[in-house]
């Protein structure tokens, strides 16, 4: 089977259990089992070639630009691991079918399990370290889901998070390491990297790469001091623990070290880091395991210890150690998976995993007893079981290794660790199965059905058989795997055998066993001492660290994003000023070359008015009405300034916009407090003043620097001046730019206006559909209100002024193309004419006489502009291409017709509609019952006095 | 020549008037006086714009004066209505 | 006739608008006139709803006389008031309110009267009574309020009454 | 004699400074005033990017010899219109926020208040 | 010669404009100050506009009438403006006692009920006012 | 024959929206139909544009038939085509969610504003004129103001006000920048700017440098670069969910503008602005990443969590951009597509949660209906957002890491990206496990996870989220071809002469 298919199979297959769960638990488990079985068989089809020493390869291009390709290869190491993953996976699937209860969503379980399986297979088959990283992180994620599978358990949630955090962190470190490695080697393909030992080890980046990669491996394989997550992951259902935390995932770190062994090992750094970490982990794990009462915790720490052992062997970096490591990986997988499953059986049948509540199960659960005992003894390293052989090899290697300090130090530590290892194995047998039967267990213990015990039994058979016939059963596999680790260097005449003769290793092993028995004999006093000794509790520390980080993150986030927009704005300004200054000071400027103008007295008067009124607003801004009054002066002065500096169009626009803006602000001011309260600290004031002065100086300086220099290059507007009349048909170049050269800007601009009106309308609707409406209806004016809402003089004046203003608007509109004016100003003037009417007779009265909907006015404005623009398409011209012509209809003189005028009409309508819709919204806020006057003016003697004759009736509306 | 001086003189008058109104804006007691001052400033500004056009001999700026005349009224009424009624378009 | 009334709801306004357009154009041509007439129809037509009642001018030709009188009064009053401002101490002025009972009833007429009063320096129309029968006028310097009242009534209101009512 | 350019630049500077000062206030109303000032300032700034020219409006006539740069004027017109729309919107949002929340401060209290119980604390119990 | 003619108008206009604003500063009470701008409006701006028309007609040799429009606008709007400012002043600073008797009507329109209540307790209010009070 | 396709993405919504306002404003169903149809058409148009641009030809559309640089031109190159397509696809998905979840009926004018928003975004991507870019920024901003406060509410309105105020400051700065640039160069067309900037005498650099930096700051506000990102968390977390999801493209407008202006006009080889742009942008980007990821860990609300995740992804994106090399730009473009889809997905999933719980506190005590499905969607979105395998985020992150290996700050970049990934993973996992892993309680949850209630719940939101997921999967599986396009796009960007020649018609004269 192709490796690609092999790697993809579990992922593709993960869909089936989830889908088939409706068909029943058996169908779901069966689907998972079939998928795994097919994959296993597929793997086996490749086995012969691998056993012959070939490397099976498969390539698929994925992201060649990065050097990330779906390249797979299968060598001995990969075969060993893939076999373990799929083989034990098969057993676990069987076991889990009977282990999980009816309430557990089994489809999900098998789905996650297969995802995990796929990720693991992917790791061991990857021929590309980036691809390996993908699968590596996937194992973290899928194990997160598996550990948290029992969602109702807070331990599960926490354990899952802890596992994800630790292994995820390691994984990220490894990404860094792998990328460095890939960059040194010039490729991310393992087959290339593995040939670059010299280059890699010579590189200055070797050490960081090594450390980062080892961080990944150590965290994954629960090496000290990252071992603490593994026991907490035991909150997972036992099949998960058996699979992930004995046979597979935790071995991924070992696999990685083995995989990178040819390029990374052989240096002092590797030797000391890896072997020391392994040794310490081995001892620490063994010691803690002895004192754990939870069966699964005991097994978890024993796993930690054995992983340490294998790590240490890999760290020693000799071919013999590699062989021992590979062999122990196989052995550990067999006995530890069996032990986890037996622990699961005990938990399942007795209702507890607490050793203190167990004991004497020998007769009640004989099958389980046999299975567990054989597996334990193998773990303890007793002959003739497989654990014995690999442990002997380990001790043999240790005995020939020079580590720190005196030569015997490592031997002593190893024996010490082995003794504890033996002790907890004996305790597992002694305190659970042996001893007197208890009067009561949480439930009635008995052996389970074969569905549960078949899988561990099969493994235990392997334990015995491998122990008895290692050469027949596994020697070839071990050789070819170890060969893959060591790049083919194997100890000469290697033979796996049960009996090595009386040697130092056997002696050490014996001592360890005896001491182990002694430790168990002295368990109670030892336990007292252990319980009395203060120890760092890894979980609490982890929780504290994570808690601290979370609190810190909370704090940082809250402090930075405290909701104070004024502070955000201050930071914005400060940053802008700072960077602007840096940019300025890093450049150079030519001497001023522009002839400056002399300020006439008129300009100085304007300047004084502008500055003084601005400062007045700053000083008086707390009186809001006053601020608005003075704002009118500022607007007026700016308008005069535009006039003074050759910009009549701008002057007209400025003054019109000013009036409408002030009306809007006055309308809004009606609802809000009339005064701004004094608040804010002095420091705040100082900050504001400093920023204001800084900003003012910056802008003034920048502008002055611009104004006293001529443009370095000629402006494109020379073209506009030259082509305005001939190309655009108008003599007001500003207007021609607006409706023609840059009509597209104007198109966007009227849409902005239209959107503004829509937003205003929508927000008014939203607010009025909420609780605010009642409040507004019952609103009392904050100040006493004068009588005579619609004064006669104003009404009568408006009757004259409004038509005249509309006339003026028309005039401004039509002259715009050639003289100052245009659709926008005309629109504003027209809108103001209508506002005049609103102010005279009130919005309700006036709006009742208004027939066109504002939405329609806005929409038609935008549409007219758009359609005018689109009209050009029929001429095969781009959007917004204009046309104009001169027409003569007798007896009239020649006049101009231009599409620009149509476009400007769109502008005009959009402006009128937008302004009026905005006003309408404000008027709706202000609306209160009874606010619909019948008459345009409040006082009209002609109307109210007794009629002298019948003709003086007011025309009906 | 005399015309130019007359224009200068008138501009000086209206400019001074503008500054006096400004002074009133700065120093007045309540809002009402300031609205009055602003209204007077608008009137003076109209005169200044027309004078500017005469001075430069162009009619280009005339519409500005006209629009200011028309719209200054609206904003003054708006301020006053606000003081009277709060809601300026009720 | 009715049709004409709909097209020209306010004929004087239309006339004013024609003039306005010609003034705006600041030049006269046939195009200007045509456009002026078009607009003078369209604009009053669209804004007619905002001017529901139609005051009639009984004697429009008297307007000219009235305007001339007002202009003359404005000039005179300007000089007088300038004198008051420049050469009199504030405390020697006697500002005063004057209530002017109105014979006029048409809002347009009352407004013209009030406007005239304001435009002539020294007097400002300040308010109307709640029934619209009395005009409140502020005088810059009026020792004798009844004299002011009488002058206004005889000089302006009488003429307006003739024009409007 | 005072340079017009200096007057002009200093006026824009004062407008900017006033705008910044007001924008940094704590209530919506002065902030909106400040934004208006900033838009005055920037419009005038943009206008001046074509340099200051007197009495040469960009209206083509037979008599004029040269014209001021029309492009910045067109840009400023667009900018004025846009900032008018923006002002209208910001006024309405501020008003609606005041009506809905009865609070016209622009600063908001921290929106992410500390939870009563932490998820881990809950898990340990 | 024509120049002198125009200049005279300008000087007169400037003078009245200036006097208006002097009045604004000099006069003591707010209602009196309200009289001042009327000068700037009428003879001040009016003079400038006439000067401008004459300038066009006599010196630049073309007919210019659009100045009349500004005059028209100002003559229509200035009384309204003044009226509003006066009303605002009355509203903020005056009670019924400060003003002359509005009889035959109940009260001055611009006064609020409270302000007017001093002497208008028994008076019936016009119907048009009842609505806007609700 | 003129290629009118280029203007279509702007004109279509610009015509559709007024029609919606005028004719359909009281008919929500019609609005929905036309809005969706219009957006589908936009996707098709974008596909056409993509096919036109893919070959590497740069198409220019001279609005009003005025030649560049005097009129405004639209320019279609690979980057703009890609951004248009991304926008259109995202918009369609978001629209489905908005319709399905009923968000569009909780206030007025959702569809009109939505179309205008699209018009603004498309216009910004297509324009070749600096001032026109400003105009379309304003179009998209003002539409976004309306969408952000859609359906109102006190907190949303106040948050909206902050959003508006901050962006108004940004718009003001934009005009200052444009004024300065115009004052120095006398042009607005971006290609012409590029030519003139390159010809600028060395001794007159100061003003130009100021303009360049101010402009960059404007784009940094949009792109939420630290310390100009403060507007984002509150705005995004208080916006209606579909709007927040749509806003995933808004930050990209900022990123796009940075890419466009600082490869075309102020390219990395330009002497005048040497050492001005990348030097500070890179550390700012790293800090942005850090603040975003820390914010994910530090958030107690789902909306804020998603917002900070978006900031974090912008950090990664900007790191890639700030390197200003073709290789890193390719990675940036790939990551940009990814992060848009992922951020949108996270916001939509957050909405699914909030809609079912009524509040957005992460710590909350009861199970949601459809817990399993939503949980899977959440974890998928989280995986994408955190850049974990197997989704495109991981590939994007690897690409960025790989492309920055020669950068001066590579240690900081790598450390930042890797450490902050962990922080984000922890934050997302923490939130997810707290949100979804609840005790079984029959009274609060149906026994069959995906049973009856999933049929009852509106399916469109799930379709929307599912489509985003499908997009992410496609981006992962088709990483090779995607990356080839991204690299080609980057190559086009780093060879601006073609762009300049196309716009200024240099070849034809």
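Residue numbering begins at 1 within each chain, and the chains themselves are lettered A, B, C, D, E and F in the order written.
By our rule, a contact is a pair of C-beta atoms (placed from the backbone, for glycine too) under 8 Å apart; a residue touches a chain by one contact, two chains touch by 3 or more.
Just so it is clear, the model here is predicted, and its values are computed rather than measured.
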{"item": "Pair with more cross-chain C-beta pairs in contact, given A-C and A-F", "value": "A-F"}
{"item": "Most distant chain from chain C by Cα centroid", "value": "A"}
{"item": "Identity of the chain that, by mean CA position, is farthest from chain B", "value": "A"}
{"item": "Separation of mean Cα positions, chain E and chain A [Å, integer]", "value": "67"}
{"item": "Gap in Å, rounded to a whole number, between the CA centres of chain F and chain C", "value": "62"}
{"item": "Averaged-CA centre spacing for the pair chain E and chain D, given as whole angstrom", "value": "35"}
{"item": "Computed distance of Cα centres, chain D from chain B, in Å", "value": "25"}
{"item": "Set of chain B residues in contact with two or more other chains", "value": "11-12, 18, 35, 59-60, 66, 70, 73, 77, 81, 83-84, 90"}
{"item": "Of all residues in chain D, the ones touching two or more other chains", "value": "23, 28, 41, 43, 45, 48-51, 55, 57, 59, 71, 75, 78, 82, 85-86, 89, 93-94, 96, 100, 106, 108, 111-112, 114, 118, 122"}
{"item": "Multi-chain contact residues (two or more partners), chain E", "value": "15, 22, 34, 36, 41, 64, 66, 69, 72-73, 76-80, 83-84, 87-91, 107-110, 126, 129, 132"}
{"item": "Contact set on chain B toward chain D in their complex", "value": "56, 58, 60"}
{"item": "Complex contact set, residues of chain C against chain E", "value": "20, 22-27, 74-75, 78, 81-82, 85-86, 90-91, 93, 95, 97-99, 101, 114-134, 136, 138, 140, 145"}
{"item": "Complex contacts: residues of chain E adjacent to chain C", "value": "15-16, 19, 22-23, 26-29, 31-32, 34-36, 38-39, 41-43, 63-66, 68-69, 72, 75-76, 78-80, 82-83, 86-87, 89-90, 98-110, 125-126, 129"}
{"item": "Complex contact set, residues of chain A against chain B", "value": "601-602, 605, 608-609, 612-613, 616, 623, 625-626, 628-630, 632-633, 636, 639-640, 643-644, 648, 651-652, 655-656, 658-659, 662-663, 666-667, 669-670, 781-783, 785-786, 789, 794, 801, 805, 808, 812, 819-821, 825, 829, 832, 835-836, 838-839, 842-844, 919, 922-923, 926, 931"}
{"item": "Sites on chain F touched by chain D in the complex", "value": "131, 135, 138, 142, 145-146, 149, 152-155, 157-162, 164-165, 168-169, 171-172, 175-176, 178-180, 182-183, 188, 234, 237-238, 298-301, 304, 361-363, 430, 433-434"}
